[in-house]
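Take a look at the structures listed below.
Two complexes are shown next, each including subunit A; its partner changes from subunit B in the first to subunit C in the second.
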Partner chain A sequence: MTRTRKPGVSRRATLAMMGAGAVTFAAPWVARAQAKTIKVGMPTILSGRVAQLGTSSRNGVMLEIEKVNAAGGLAGRQIEMVIRDSKGQPQEAARVARELVNTDGCEILIDAEASSGAFAVHEVARDLGVLCLHTNSETSALTADPKQHIPNAFRTARQGVHDSIVGGSYAAAIAKAKGLKKWATCSPDYAYGRDTTGEYVTYLKRFAPDIEIISESWPKLFQPDYTEVVTKILQAKPQALYSCLWGGDLTSYIDQANIYALFSQMEVFAVNMADYTALTVVKNLPKGIHSGNRYIKTYPATPENAAWGDAYKAKYNEYPTNWSWENATAIMLLAEASKKANSADGKKIAEALRGLKIKSPFGADGTVTMRAEDQTLVGYAIGWGTTIPQEPYVPQVQAGDWKTIFELEAEWKKSKGYT
Partner chain B sequence: MPQWMLPLDLDALTGCLASSACLVTQTTSGFIIGMLLFLVAVGLTLIFGVLKVVNFSHGAFYMFGAYFAMTAYQFSGSFALAMLCGAAGTAILGLIFERVFMSRVYGADVLMQLLVCYAFVLIFDDVVRMIWGPEFKSMGMPAAFQVAPLFIAGGVVPPYYLLLIGVALAAAVILGLGLARTRIGKVIRAAAHNPGMVSALGINTGLIYGGVFALGGMLAGLAGALAAPVRSLTPGMGFSVLIESFIVTVIGGMGSILGALIGALLIGMIRSFGSLGFPLFTEGLMYLFMVIVLVSRPSGLFGKEVA
Partner chain C sequence: MTELQAEQAAAVPQPEAGLQRSRYFDVLIALAAFAVLAILPMLTGSKALLDFVIRCSAFGLFATSLNLLVGYTGLVSFGHGMFFGLGAYGFGLIMQRTGVPVPVAFVATLVITTIIAAVIGAICVRLKEIYFAFVTLAFQMLIHSTILSWVSLTGGDQGLRGGIPRPAFFGIDLSNHVHLYIASCALLVIGLLLMRQIAQSPFGYTLRMIRDNANRASFVGIDVWRAKLTIFVLAALFASTGGIIMALFVSGAYPEFAYWTISGEGIFINMLGGVTTFLGPMVGTVLLLILNDTVTRLTEYYGIVLGIVILFFAIGLRKGLMDFVVEWYTQRRNGPVE
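On to the complex of A and B.
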């Protein structure tokens, strides 16, 4: 058997080609190592009754992440979101948050949990020292209480006490003008409902001392039927009704109260009405319900805000929610802080975030600020108006005054022993 | 402590009982809550009476009834068709569910039956989530019923609720008479009593079981369809209704149709008047009542005494 040299590729040429190939394939690897992606973990609620919280939070985040990545990412590092479902359970939220940092190597956390989960994730952030942005929890104590304060945690959401101050002063003005002295309340029977209603009534009475609460109802969270609550309120014959029911509970309540013609018999103040989740679902939205703004693309009435709302709708085929803007704001702030610090390092970003003021479609004056002292968002658009049954749903929003908010918030903090 | 914070508000309750307006409003309110609950609970009790299984997934039929009605209403704009679709759709679903799955676990351990039912609670919720999406929906009140409420003796009564009570009462009467007077009713009662003998007489018990399950599903579906214009639709909406239906059947007695009716109306009235007199203890009152019934009559108000 003889070995003849066949024409074709020689061994040496093959080796050379393999070498070249290896270099070619390795090259992007080198490039990638230089601009390593930065992983951002996001525990949120993607299943169950409030899955919309998670999906619309995710949408808000992804809409902004695309822009940030297209502009070069965080200090040259592309952002990769790792989003996990906590099923709305606090202990699961804490576990997921820990896993995101320890196992998946996330360097920043976007905590898109409801309040119960947010406090759990907050403890994880305290323990691990990772930069954490709370995007959905509106419970004031999360940032107002100095015991909760840690240098690496921030809140980019609205806050219960701000809402109550603005809502209370708005309602008091109407109460005075229309002589509404007898009030009733109807709110879900859990921490959020009780606290928010309590704060609202406090400020309402502060601005209009002669009002009186003559009836209170506390239906269960997710109660299917509110008939007995509706008729009870009708019996009490108040001149005005406050409610912080939200989502499906609010729409059920409206449908059931509607057929009793409740809305024609009293002024109704429902803080969570002016969110597209509720506005677009209710088929026979009564005219003239007073509501706080949650997210609405016509307030602030700026081209930036309208464009943001439309871009979101074009991409996800539904309107943004209150949670969407709160989460989008987190990414906007991250990107600006990283630019300012010229770094993607959590500690440096945290440093840059304190006191950072950025341009924002959701700002009362076109900007929002991450207040340095308690690391929470201020200056966002906040106001109240009345509903109409079709777009733009809340044509006139009366803006809250941030100067008053700051004054009363400081007073509130003192009364709570926070300062 | 201000007066409204007291757990007991007897003034409001006695004040209401003294005024005809309040009495009418609260009584109809109790009827509305009770009659919808009855439609769900009677299916539960019927299935238990004949098939001797506790259909833990019964709430799902209520949910499907509401979703079927909403979809039919969106496509056709006809309220009557929406109700029909809600009822018929769940009847078919009930039949399939019984024949394919439940019929396999009749002889099995009660825990096994519970497990199958619970699995389907989760599966059905996810099916709804896949088809209609996770966010809540609203069917909207048909234009015909968007009218001012009626005032009867000063009390407020929405016309839609009159229809709702009427349909539910009609269902109760037809069901009661059907079981007591017709041949099919006789066969069903016989099958409940002694399925072996009925089968030996050449009657297809499988068909009866499937039929009863379909009927139970249909009644729950009808309740869901009737509730759809006034309650928001979400995956998992059947669960809270199921819990209250269980309370109703426990109070009324498992397997008794009259018991389900009385139990449901009692719960409705407790909610309606309890929210006035015991604003912070309305839920508790319901359970307390159940406990009292269980202690004094363990088999329920109209249940057969367990030997």
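On to the complex of A and C.
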């Protein structure tokens, strides 16, 4: 009798593999945290098109964690970060967040998710009651809408409406000075692009009522070719252009628009330009693009901020991003709140966080504040300036005025029915 | 009579009585499975395990319903994820906007799914093979784009925010983790049982006939279009139920639920588990989720690991796991190949 060997994997090998699979699967349920360290979970995006969001968030966090741990940790407990990829899918973000708390024993969540993922993690925080710091979502509704409000969730990131107020007032001043009346917009076609552009135009018109929008373009997110958009704008002959394209989209747009010499024909306002992810990638950075600051080590122009940017560069061999400072701020606030509460307990830290003001390299006046009423970050450095093709890229940044921001923000909240 | 002959004799279907007996058998297995799942929370305090089973229920219903189309009818749908998304959004929106009891919202979601699936199906099932696949994909993208752009209703790409309210009904409180777990298991078991009955019914055999030779089916007097449309709508209902479970699990609905990647995941689960056995997709679901959870825990290079696994199944086994197991088992029983 001859036994023919069927192609494929042998029974033994299959059983061995199944066994190995079962062991790796069971292990997490067995493993338990050591009591002394405190685990902090962080779901973020580490793969795919916006993987840089996750990696630069992680870098920002780890840079600060080292300092906090060296200084004794949270109320004497060393922090152990558990960072996991959600692949940018909200249901994965929710699952990972739940797993971090329920299985890995994380007592605090740093939610470094973008857009919809942040709302998914927010629901997990609502469900489990765990202290959660949103570090990347800039969607205003996350903290402004009272329906979203939960006592254990905070935001340590920028907020869309703040950017629009500062950007609108800055642009209006230039529009008046230079007589820019005809405007065009060009922003990515999704909620962030539409909302941010809408709010920006609202405030632009509020400060300079006689301007008009003569052309709108909505390229797709991650669109590779912008030729039709560029030619459409050139044909409309506007005096100024607003765009909230970001990252790779913004750099490809600029590279392609350069071919048509678009930047010499109109004033360009690109809110997301002044971030190293865009500044260092563009081939020929045009002079004189107006941009909001995202992260730039020369603004605020303080030794603390420059030192932070350099330390980050030294450690990771690249400049920090907007996400880096937002995540670093979360750890700084955590450490300070824990010191104030003299505890590593989530509820006590949350109590201490409300209204907490800390020294920060990223503060407009050297401090940032966790506003008590809606648990979101205020007082961070926010301003606009124009680009030059080499470092420091944006030499003069005109600071936004937080008093104006607060006034208009309150008005905006009322108009949305939030207060 | 040799063992082989006996085996073949037993395999000859004995119409009424056999069908009846296998139905009782299915119900028994379902009850046993539900009992095992239901006592799980008493044996382990692991919430992650319960989460895992809830997600298995959502994706299992989705993948098995896709197999009704792919494996039983030969309709390779690339757009089945739209019904998953539809279930999640339909249920989430009804609960958020109207505040009706959960069972009412559940039924209403299924009614909405039926109507939409009937309209889309009526257009799609006329087409064959790749044309069918692409038109279903096109409808999926249409629904996905609608969700993205109808911001006032769906919240656009931020999804349905603010959580899904879930008032208690008949003493069942779905905001309680264990209650949600039991409810998901119940839906899964009932769903699988119903789908099994569909697959084993005369209608199920009609579908297999259409898959193997649609022309012959129409010559013996079967209305092929109607049969295809019926199974398209039925499959959509189970996919929608999967979406409802997922919406309850994440307490929201997100446009990614209706994106083509969900359909792709469904197809992949079917490849992984195998399409020739009824439980293949369920096994595939468990495999994929285990793979997903362990790999993302260990590395951020999830894609590369998943790619290798796909290659292993596509080139190494050339079939799904359950197909492989069943084949191996029958071969073993029939003795070594001479």
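The rule is simple: the second predicted complex is superposed on the first by the 384 of 419 C-alpha atoms of A that agree within 3 Å, B and C clash if a C-alpha of one lies under 4 Å from a C-alpha of the other, contacts with A are read in each partner's own complex, and residues count from 1 in each chain.
Note that contacts are C-beta pairs under 8 Å (C-beta built on N, C-alpha and C of every residue); 3 or more make two chains touch, one makes a residue touch a chain.
The structure displayed is predicted, hence computed values, not measured ones.
Colleague: Check whether A:R98 is in contact with subunit B, with subunit C, with both or with neither, and answer first, second, both or neither.
Modeller: The second partner, subunit C, only.
Colleague: In the overlaid three-chain picture, which partner chain does A:R77 touch, first (subunit B) or second (subunit C), both, or neither?
Modeller: The answer is neither, since A:R77 touches no partner chain.
Colleague: Quick one: classify A:S47 as touching subunit B (first), subunit C (second), both or neither.
Modeller: A:S47: touches subunit B and subunit C.
Colleague: Just subunit B (first), just subunit C (second), both, or neither: which does A:R155 touch?
Modeller: In the superposition, A:R155 contacts neither subunit B nor subunit C.
Colleague: First (subunit B), second (subunit C), both or neither: which does A:D255 touch?
Modeller: After superposition on chain A, A:D255 lies in contact with subunit B alone.
Colleague: So, does A:I213 touch the first partner subunit B, the second partner subunit C, both, or neither?
Modeller: first
Colleague: Once the shared chain is lined up, is A:A191 touching subunit B (first), subunit C (second), both, or neither of them?
Modeller: After superposition on chain A, A:A191 lies in contact with subunit C alone.
Colleague: State whether A:E123 touches subunit B only (first), subunit C only (second), both chains, or neither.
Modeller: The second partner, subunit C, only.
Colleague: Both subunit B and subunit C contact which residues of subunit A?
Modeller: Residues 47 of subunit A touch both subunit B and subunit C.
Colleague: Using the touch definition from the top, list the residues of subunit A that touch subunit B in their complex.
Modeller: On the subunit A side, the touching residues are 47-49, 51-52, 55, 213-218, 220, 222-225, 227-232, 234-235, 247-249, 251-252, 255-256, 258-261, 277, 281-284.
Colleague: Subunit A touches which residues of subunit C in the complex?
Modeller: Against subunit A, subunit C makes touches at 44, 46-49, 51, 55, 148, 151, 155-159, 161-163, 175, 246, 249-252, 254-257, 261, 290, 292-294, 296-298, 300-303, 316-318, 324, 328, 336-338.
Colleague: Hey, which residues of subunit B end up touching subunit A in the complex?
Modeller: My answer: residues 2, 4-5, 12, 16, 22, 25-26, 29-30, 32-33, 36, 129, 134-141, 145-146, 148-149, 156, 158-161, 227, 229-237, 240-241, 271-272, 274-276, 279-280, 282-283.
Colleague: Going by the contact rule set out above, which residues of subunit A touch subunit C in the complex?
Modeller: 1-4, 8-9, 11, 21, 24-25, 28-29, 46-47, 54, 84-85, 87, 89-92, 94-96, 98-99, 102-103, 115-116, 119-120, 122-123, 126-127, 139, 141, 145, 147-148, 190-192, 194
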